Amino acid sequence: MADGSMTNVFLAAVLSPLLLGVINRTKAFFAGRKGVPLGQAYYDAAKLLRKGMVLSRTTTPVFWLGPVAGLAAMTSALLFVPLGGLPAAVSFPGDWILLAGLLALARFLTVLSALDTGSSFEGMGASREAFFASLTEPVFLSALAALSLKGGASSLNDLCAFASTLFAENLPAAVLVAAALFIVYLTENARLPVDDPNTHLELTMIHEVMVLDHSGPLFGYVVYGTAVKLWIFGSIVVSVCPLFRAASAPFGVLVALAGLLAVAVLTGVVESVMARLRLLRVPLLIAGAGVSAVVGAILLTGVGR
Amino acid sequence: MTMIAALVLLPLLAGLAALLVRRDGPRRTVLLLTAFVHLGLSASAWRRAPAPLWNGWLALDPAGRLFLGVTSLLFAVAAVYAVGFLAREEKGKQKDADEAGAFFLNGPEAIFVGCLLFFFSAMTFVTVCQHFGLLWVAVEATTLASAPLIYFHRNHRSLEAVWKYLVVCSVGIALALVGNLFLAVAAAPNGGPAVPLVLSEILNQAGHLNVPWLRAALVFFFVGYGTKMGLAPMHTWLPDAHSESPSVVSALLSGALLNCAFLALWRAAQTGVAAGQAAFVQDLFLILGLASLAVAAVFILGQTDFKRLLAYSSVEHMGVIAFGMGIGGSGVFAALLHSVNHSLVKGMLFLLAGNILAAYRTKAVAQVRGVSRLLPVTGPLWLAGFFAISGMPPFGTFLSELLIVKAGLDSGRWGVTGVFLLLLTLVFIGMSRCFLNMAQGRPDGNGLVSPTKEKRIAFLPSLFLGALSLWLGLTVPGFLQRLLQETAARWGG
Amino acid sequence: MSAWDQALWVAFILLNFLLLGTSRLSVCVRVLSAQGFLLAALPWLSSSAITGHTVVLSAASALLKGLVFPWFFMRALDAAEVRREVEPYVGFGASLFVGLAALGFCVWLARALPHPSAVSNVALPASLFALMTGLFLIVSRKKAITQALAYLVMENGATALGMALLHWEPLVVELGILLDLFAAVFVMGIAVYHINREFDHIDTDRLNYLKD
């Protein structure tokens, strides 16, 4: 059980809404607009925390669980996530399964609170989200399991370190696993081509519709939670890539942050050039990611050198 | 040296000529001329083996000479029949035999005759190839050349048959290509100098062949070339293709093409036997042989279409040949003799079936009655053919099947021989019902049947083949026996 | 050199997965073309010397498999005026799953067969996998044109297997094989055209009149 520093957690807490801003600015750039300020997510969260709440009469205390407990789960997940070359705050063998579990818990609570409203739109969004999650989780776990099969190491920290060394040794396998993780990142964060975060039509929403009824501080927690989730998956992707790993402390932070920035910009680019996939095609995309991960696993283990 | 080249190139060039010639008469003359000249060349090849070509890549070993002779003979007979067939086919729309109210067109005769000759050239090429790669090319070429022939009567059934034939056979042959590769690896397992895939060279190396790779190669060869040979369970293309094509084409497919596939399998399996894997090879032959017999028995009992009946009978006889090879020893000689006998009899039967189809305009057994009354030569020949194909004396097939059973009993394999006999009995029961029902009774006079005086060109080819089969049943002539013994002796390197 | 080699073989595997999972015919044809070019490029990267034989074969392969066959297929599709969708018996997700199982099996098979160490270790499973993909596609796709395409995938797999086992057939034989493939595609294309004219569809599922 290695104890890294809490730097990662602190940085995530402070800087994660910035990622949302970067993505939006990239999309605006592609669209030829100036776009919202980089810190818009901060302003939104702050504004929402000051506002009053409107609670529907059909809701129960469960309604609060989604944003509040969900955010708590996600911030605790931050403890296990490495950032580039910086080790995670807490790491032990199998912590990536705990991470997946915490994220699943957050998602479960969101779904619960969505169902609690009794609205059909939210139920629809919840069912879609649950469906995609049921496909994405195995892919996520198998991508990490692929790494651990060969790497032998079992904490997320060590897995990411191992993955980055793979790029030199076994490039195809590394690329496949990284690609799988990137698609998981896009799907879990409800980004295009899986889900359009800017859509205003409830019938086409997946993630946004689940949180439609939250207002005030609860919605503020939701916005902040989105940012934290983005940070979690983004930093996993960054930690896998060897470019953004640097050992020494202050330099390492900067390099890792640059990596996160790059991932955010890439997300913005992907969102700008691709259209949303038809709902029935999304499972194929996730299946493609799964294939990518499993082929990577096969290449790592089955084919000796 | 030029003999082999002539054997292969003559039909190829004739085919090209047939495509270019405009009038039917000269085209048919080209066909007949080519067939008989080729027959003459094959006969002289039998007497004296021609010199190898291309450093031994093309050569006529005894097995090749045997099958070349049979193919050539059958083609000559079929060519004669084909001239009569083409003459009696109507131009323009014809009534469909199986579907009331449907019409179909025939394909262009130039393509038919041209493809017949290309097909013949490809089959000749198979018999002379000693290099496994070239052998593959030749077998695939036979598939491609015969596809347009099946589609001569252009209706949806024959189209379906052509598609199945193309896909199943091509896939099978692609697996045989994998077999080639595995054989090459078996011959040079440690990355040493590559041994050319020529049969004689591989046989020289037989002691050093790597066994796992060789076994894998043999499995792929059996599945691949077995598909082309019509062994179950890869036989699915056979009933459709052989029944939907014109009878003269069916005769060639059953009588000549299946033998060529068997030859390819023979050459491949020889490597296995020479390397000491004879038991493995024999097991494969036995399994496929008995499976083919079983499948044929199931589908012959209760068959309603007499051309499909003959097609399944081909599957059965390929099973008999495979069974004979599986028994080994004198069974190999018997299997080779049986392949010759089967070609003659099956050719005869299909040509007769063509006459029956032309007279009755239906392929349904239930609607064909009184063949022996309506068609005074075809009818009795049809009955004689039934006796021949069921392995009854005095025809040649009796002798070969008896020899196979004897070989089985001699080698102590009572169980499988018993199963073999049982399956043959089942097939006989199924076929007798169809053949006897067709031959006896009075012809149905409700306008379906138009009595025709039988043209000599329609029955003489079958009569000739029947006479040959009878001759082979009474005595196996010396030259044939010597050739068969030479071929069987090569088995086992 | 061997890193490029391995990358190309992995790309070969991924192309086969793409074939299993795509629902668009034009993607299938383009994958076939890409496979052709890949196979043409592979001999240049293997460790053995580049001979005239390699050059001719590589050029012929690139030309035929990369350009001519896809062009044939697109023309056949245009002539048949079919909906450009692959119609499967086995759904695309299930096909991908079967593909993964097949890949695992091929890797196991490649380890079970002793083969010369000169061969890149991904090559043998990759080529066996292509063979299996071709076979599976023939069985699990309805349209006649996809069966012809899958046959070519099988042949690509067989060619790749030859390269993986470092076995080069003589030039005459290889050219003969290519010629055979060309004739096969030609004949199959004509057959598809006739099927379309006769039946107004190219669904082999509905070619079931002949049976016992």
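So that you can tell them apart, the chains are marked A, B and C in the order they are listed, and the count of residues begins at 1 in each.
Basically, a contact is a pair of C-beta atoms (placed from the backbone, for glycine too) under 8 Å apart; a residue touches a chain by one contact, two chains touch by 3 or more.
Not measured: the values here are computed from a predicted model.
Participant: Indicate which of the five shapes (line, ring, star, complete, other) describes how the chains touch one another.
Facilitator: Line.
Participant: Could you compare the number of C-beta pairs in contact for B-C with that for A-C and name the larger?
Facilitator: Ranking B-C and A-C by C-beta contacts puts B-C first.
Participant: Need the CA-centroid distance for the pair subunit A / subunit B, whole Å please.
Facilitator: Their C-alpha centroids are separated by 66 Å.
Participant: How many Å are there between the centre of subunit B and the centre of subunit C, using C-alpha atoms for each centre?
Facilitator: 31
Participant: Taking the mean of the CA coordinates per chain, how far is subunit A from subunit C in Å?
Facilitator: Here subunit A and subunit C have centroids separated by 38 Å.
Participant: Indicate the residues of subunit B shared as contacts by at least two other chains.
Facilitator: In subunit B, nothing touches at least two other chains.
Participant: Looking at the complex, which residues from subunit B come into contact with subunit C?
Facilitator: 131, 133-134, 136-137, 140-141, 143-144, 147-148, 151, 154-157, 159-164, 166-167, 170-171, 174, 177-178, 180-181, 184-185, 189-191, 194, 196-197, 210, 212-213, 216, 239-240, 243-244, 299, 303, 308
Participant: Quick check on the complex: what are the subunit A residues that touch subunit C?
Facilitator: 170-173, 176, 283-284, 287-288, 290-292, 294-295, 298-299, 302-305
Participant: What part of subunit C is in contact with subunit B in the complex they form?
Facilitator: 113-118, 131, 134-135, 138, 144, 147-148, 151, 154-155, 158, 161-162, 165-170, 172-174, 176-177, 179-180, 183-184, 187-188, 191, 194-195, 198-199, 204, 207-210, 212
Participant: Quick one: in the complex, what on subunit C touches subunit A?
Facilitator: Interface residues on the subunit C side: 3, 6-7, 10-11, 13-14, 17, 21, 92-93, 96, 99-100, 103-104, 107-108, 110-111, 121-122, 125.
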